[in-house]
Amino acid sequence: MAKVKIPDNKVQELKDICKSFNNDPGELINVLHQAQQLFGYLPAEVQEIVADEMNVSVAHVYGVVTFYSFFSMLPKGKHPISICMGTACYVRGAEKVLDEFKRRLDVKVGETTPDGKFSLSCLRCVGACGLAPVVTIGERVYGRVSPDDVKKILDEY
Amino acid sequence: MSNKVKSLQDLRKMRDELKGKINLREKSDNPDNLVQIKVSMATCGIASGARETMNYIIDDLDNQAIDAVVTQTGCMGYCYAEPTIEVTLPGEEPVIIGNVDTKKASEIIEKYIKNGELVDGIIPDTYKTIDNK
Amino acid sequence: MNLVKLTIDNKPVVVEQGTTILEAAKSIGIKIPSLCYMKMDDMNFENKPGGCRVCVVEVEGRRNLAPACKTECLEGMVVKTHTVRVINARRTVMELILSDHPAECLTCAKSGECELQDLAQNLGIREIHYTGEQSHYKGDRSPAIIREMDKCIMCRRCETACNEVQTVGVLSAVNRGFESVVAPAFEMDLDHSVCTYCGQCVAVCPTGALTERDYTWKVIEALVDPNKTVVVQTAPAVRAALGESFGMEPGTLVTGKMVAALRKLGFDYVFDTDFAADLTIMEEGTEFLDRLTRHLNGDKSVKLPILTSCCPGWVKFFEHQFPEMIDIPSTAKSPQQMFGAIAKSYFAKKLDKKREDLVVVSVMPCLAKKYECTREEFSVNGDADVNVSVTTRELAQLIRNANIDFASLTDEEFDQPLGESTGAGVIFGTTGGVIEAAVRSAYELHTGKHLEKVEFNELRGMEGSRKATVDFDGMKLNIGIAHGLGNARKLLEDVKSGKSDFHAIEIMACPGGCIGGGGQPYHHGNVDILKKRQRAIYEEDAGKPIRKSHENPFIQELYKEFLGKPLSDLSHELLHTHYFDRKKKVEIEE
Amino acid sequence: MAKYKNHILVCGGTGCRASQSEAIAANLQKAVDENNLGNDVQVVKTGCFGFCEKGPVIKMVPDNTFYVHVAPEDAEELVLEHLVKGRKVERLLYIDPETKAPVSDSRHMDFYKKQLRIALRNCGFIDPENIDEYIARDGYSALGTVLEKMSPEEAIKVVKDSGLRGRGGGGFPTGLKWELTYKSESDQKYVVCNADEGDPGAFMDRSILEGDPHSVLEAMAICGYCIGADTGLIYIRAEYPLAIKRLKIAIDQAREYGLLGKDIFGSGFDFDVSIRYGAGAFVCGEETALIHSMEGMRGEPTVKPPFPAQSGYKGKPTNVNNVETFANIPAIFLKGAEWFNKIGTEKSAGTKVFALAGKVNNVGLIEVPMGTTLREVIFDIGGGIKGGKKFKAVQTGGPSGGCLTENHLDLPIDYDTLLASGSMMGSGGMIVMDEDDCMVSVAKFYLDFTVEESCGKCTPCRVGNKRLYELLDKITLGKAEEGDLTLLRNLANVIKDTALCGLGQTSPNPVLSTMDNFPEEYEAHVKDGKCPAGQCRALMQYVIDQNLCVGCTLCSRVCPVDAISGEKKMPHFIDSSVCIKCGACMEKCKFGAISVQ
């Protein structure tokens, strides 16, 4: 694992987050949510600081981080792409759309392109089932996406 | 100021005051049990004062606490008799009345809406709109 | 107390409310197979996640099968433990476990001791119908423990041992679903973690996923090297458990046979760590008395309580978890390391050999000792004081390799001078033993009076955390004892917060002390085995002619000939050590 | 207070927002202001209307005109035409799929006709960010009535008498659950709202929280009073930012009005609510897993008993209900247990919200009385199958449910009938499938989900579901042998019988139900190596019709693996042992000579 160093001021911010939850181990997930917001992801160092502040083992923090799909230990791309794989999208062909993204970006699900531009992930139901299949890039939502649209969508970025 | 609700009575009072905010929506959900009035609000209608008529109807009904749904609609095709309105009492066939100014409107409310007495100026229904389907 | 009546396999049974079906069945001789379940009374160890689903039984009126280990008996329950439905389910579940487990039984370190293997046999698994992808994880070889997580079945016992019993917190379940496995943070090697190498995870692992690092080959190599004089030392707890590896009753003392076997294996000198234990008492006891006296005289620079430091698991624990308190434990080395230091100086000189020509092998009930002897401060110019540390289990392996019929060996005696020991040295092997040994000597040294009754029953027992007050001729000494690092942590927190009024605290990392060490023959969760080993230790003590460390004539000779007196400069050089702050610091960018 | 003559309700649900309903609302407001209608017309952003298929949707009140697929550019026209000139904008009206005629009034739309909205009563009706609108709709008066006029026992009796059952999946009687928690003695108890809606394709809980957050808060407070809890926790998916935002607003407003906090309604009862975030784990919908997650741990379930009612959050008695269950509570108190109990079927009272999706014309969120048939839902409300295809199956209950067939269409939907026919209510996902859907693949899709979402604690779910998935994969790849179907069924049954929690115990349902209802489809895959729906790529064969092929060679040129051979101007052949079934040839062929068999 590449060593990531975190700037001092961010360390303080992170500690403040822990403190705002009274360093209560029961609030670990809430803390991790905010930490991920702060750093964009949860590198090992962040988890170590959180563990230290909240007086739980690093293994416990890591166990929690790896349990929940919302938490990531890898930085997301500049434009995070999410393919909805909810049932409604699935039956309307989301898998083929996903395949096309994988093919075009040459990354697997959960990976980021080497240039850091795009990262690809799947999620379960954004609740826009009427627009199925749905793809989100950043805040933008694309509905009724077909594999043929993929190139056009990527070209926007 | 404090908005604190201190009792159920408080809340009910508050609700009654706030009801007006969504009355329109409540009524539109259940129009068949209410008096429905459509005001023809096409260009010629507006030119003949349909807006004033409509405002008058809404206010008057409101003042008299008569539950009604007042909507605007397009040209009814009776340009000679603008402003035109269509009144539907619960369970009755719609009635179209022409040349409704505020005075006429008042008469309609007092006679037809409140007591079911027909008024002058009824136009025979000759066409269908998509609304009637 | 409320009783409930139920029937299991048509047999009526009455049990206390709250009893599980598994326990109730056991009470009437029905052994429901189980796997992840493990409960050790007195040890604070309870692992029943209800996860493996091997112990499922049919309960009348219930939609699905019930896990016997987690389901409490209810009045009128009708339980069936071996219907077709149950047996099919149990076998299918077992096949599923095996479908994600390498079929390497022939060469697996755990073969023959493996609970999974036994269970597969008992259930009559002859074919695995469900095959598919198997989990693969990077192997992890630390100096003491090997993790081969491909063999993990997610029973979570190690996690319980590490987190709840020992509160070390190295292990956690990580990832999810089929990918889930027990691992240290970031799936790094144990080397990079706060692992104490106490080996309790190894002790409870039902499969070959966690095993000790095997150094038997290094021993064999040393033994055949004509240029080396190979010296072996055996820890007190080994003799109380080694017999189990040869089918003897737990608690059988095999000191004489063990010595004979070691000699047969070709060790040049068969010595006893107990000798070094006596030496430890001399140093640690003197240090304690020194600190106590200065403390009583008002010297504020002296801190009490003194904490024992014989246990390397415990030492690593406080270096990681309580670095701010590293000046409290005694600076005395552990007996293993004292032995190594003396063997490679005093004894080497006696033999007229260079220290490099000596190979010191230790036989320990412990995995942390494997790590301890690799610590840099315990070697001179790259030559370790103790070259190889093997466990009780590895010794049994060596004995089997050498085709020695252990049971039929005639008892033999340790060699001298480093083989002589007192009863005080022996009891180092059990919780409460070190402090009892220290008290025996310290009492006489402090009061100048003869101690009539050497047994301090108030210091003995199996409760995880005990306290006792010992009367030193009018002075009341408060003594604390903890075994299991979780209990140690609690005592330490009290010391840290100033709530503690102890003068001395004995701590051993493993539940039961060394008799329950991670290198002992597997007890498979049976606490009775530990109790029997403990009895054997006290039995050996009782049978010794000398029972106080300072009366050991060879110890006296050692001081006279070589060290001078306890805490002398040479003692400090050879027998004392210092500790390191091992708290991990996060790198911060400037 | 301004007296508005028209309200424009703009759907502000996630689905419609995804297609720019925010911009539509802004443009509408702008057009209203530009036409000096600011005092007459109010633009209201509401919660979800349910008719997501046609989103973004807006509704004009009081004439109930329903506009669909509205774009931000349409705002000006809508205001000018509809409001100023009183003419409906016909091109944006909903077109009845049967009569092909535009329908203007939502009351005349089949989509709404058969619905009965209790849990969704305020969704798409009020502004969820405005507590006043909720109060105007009798909001919080159920809480007031309970606090002022009822003992906890009496209130629990109302819930019991109503016959309300848990809407999250299991269907456990809600009143009974409350009673159990009420009876557990403790100094501290908790009310937990499970908003960790994880079923892919179900979004009613989110819609309720987005559209009517106060109803959930009010119900939680009622529950707190009944069981003796002063603390409520909402465990919500972090993936629901809008719902979280609106909940936070609602909590603040309720506190400001004293409807949460100390001494509510001067009754001496204290209750407050805070939010906990889920982090993407389906298993956390299981209540013990949810509680562990709220405690900052991995969301692994534990064996019940003990039930949360006895020992839950922080070891204290805890009552866990899901969002939809709570949303029913205020209505039950307002209109009475008897009213509620009369709706629905004998053992399943009330209504159920379904997220209707898949190959159906009207995708959306609907609420119907229990006992409504699948046919009514799919064909009347849902408007039938998309593209005139043939109905094949409907999947209910998400990953825990099963696939039902044509034969089940007239089944009245309730907890027990669904269970009896091998599916379950679940949280209310309802996915419609047509003739193009392969049932083995559908089962595989759900198993893929379960495998990914399994917590890994128990063997049957951790390994068993993986093996189940692998067997299904083998079948769709045409590599299965005859015995595999027997193995598949045995494994599915054992998992059902031995898994630790509800997720594991129900995960084989998609397999078992498709095996029961579509045995011939499984056999076709295994025995004949064919996928009747033509969905399993490995089982397809591309063939060139020798009569239609003119030998243009285009196909052989695009084939990436050189599987096509033939002389120029002569019919070509596909070597199926080389073909990777990419379909490129078929796409390129101008003569329709290539087909899939």
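Chains: A, B, C and D, in written order; residue numbering restarts at 1 for each.
One rule holds for everything that comes next: contacts are C-beta pairs under 8 Å (C-beta built on N, C-alpha and C of every residue); 3 or more make two chains touch, one makes a residue touch a chain.
The structure displayed is predicted, hence computed values, not measured ones.
S.K.: Based on mean C-alpha positions, which chain is nearest the centroid of every protein C-alpha shown?
M.R.: Of the chains present, the most centrally placed is A.
S.K.: Please tell me the distance, in whole Å, between the geometric centres of chain C and chain D computed from their C-alpha atoms.
M.R.: Inter-chain centre distance comes to 54 Å.
S.K.: What whole-Å value do you get for the distance between chain B and chain D if each is reduced to the mean of its CA atoms?
M.R.: Chain centroid spacing, chain B to chain D, equals 39 Å.
S.K.: When the centre of a chain is set as the mean of its C-alpha atoms, what distance in Å lies between chain A and chain C?
M.R.: 43
S.K.: Identify all positions of chain B at which a residue touches two or more other chains, and write them in rising order.
M.R.: none
S.K.: Which residues of chain C are in contact with two or more other chains?
M.R.: 173, 175-176
S.K.: What parts of chain D, by residue number, touch at least two of the other chains?
M.R.: Where chain D meets two or more other chains at a single residue, that happens at 281, 298, 455.
S.K.: Can you list every touching chain pair?
M.R.: A-C, A-D, B-D, C-D
S.K.: Please give the residue numbers of chain C that touch chain D in the complex, ascending.
M.R.: Checking each residue of chain C against chain D gives 49-54, 56, 64-65, 67, 70-72, 85, 88-89, 92-93, 96-97, 99-100, 129-133, 153-154, 173, 175-180.
S.K.: Which residues of chain C touch chain A in their complex?
M.R.: Against chain A, the touching part of chain C is residues 163, 168-176, 183-186, 193-194, 584, 586-590.
S.K.: What does chain A use to touch chain C in their complex?
M.R.: Result: residues 1, 3, 5-8, 11, 44-45, 47-49, 51-52, 56-63, 66-67, 69 of chain A touch chain C.
S.K.: Which residues of chain D touch chain C in the complex?
M.R.: Listed in rising order, the residues are 281, 298, 300, 302-303, 305, 451-467, 470-471, 487, 490-491, 494, 496-500, 505.
S.K.: Which bits of chain B are touching chain D when the two form their complex?
M.R.: 3-8, 11-12, 14-15, 18-22, 24-29, 31, 38-43, 45-46, 54-55, 58-59, 62, 69-75, 130-131, 133
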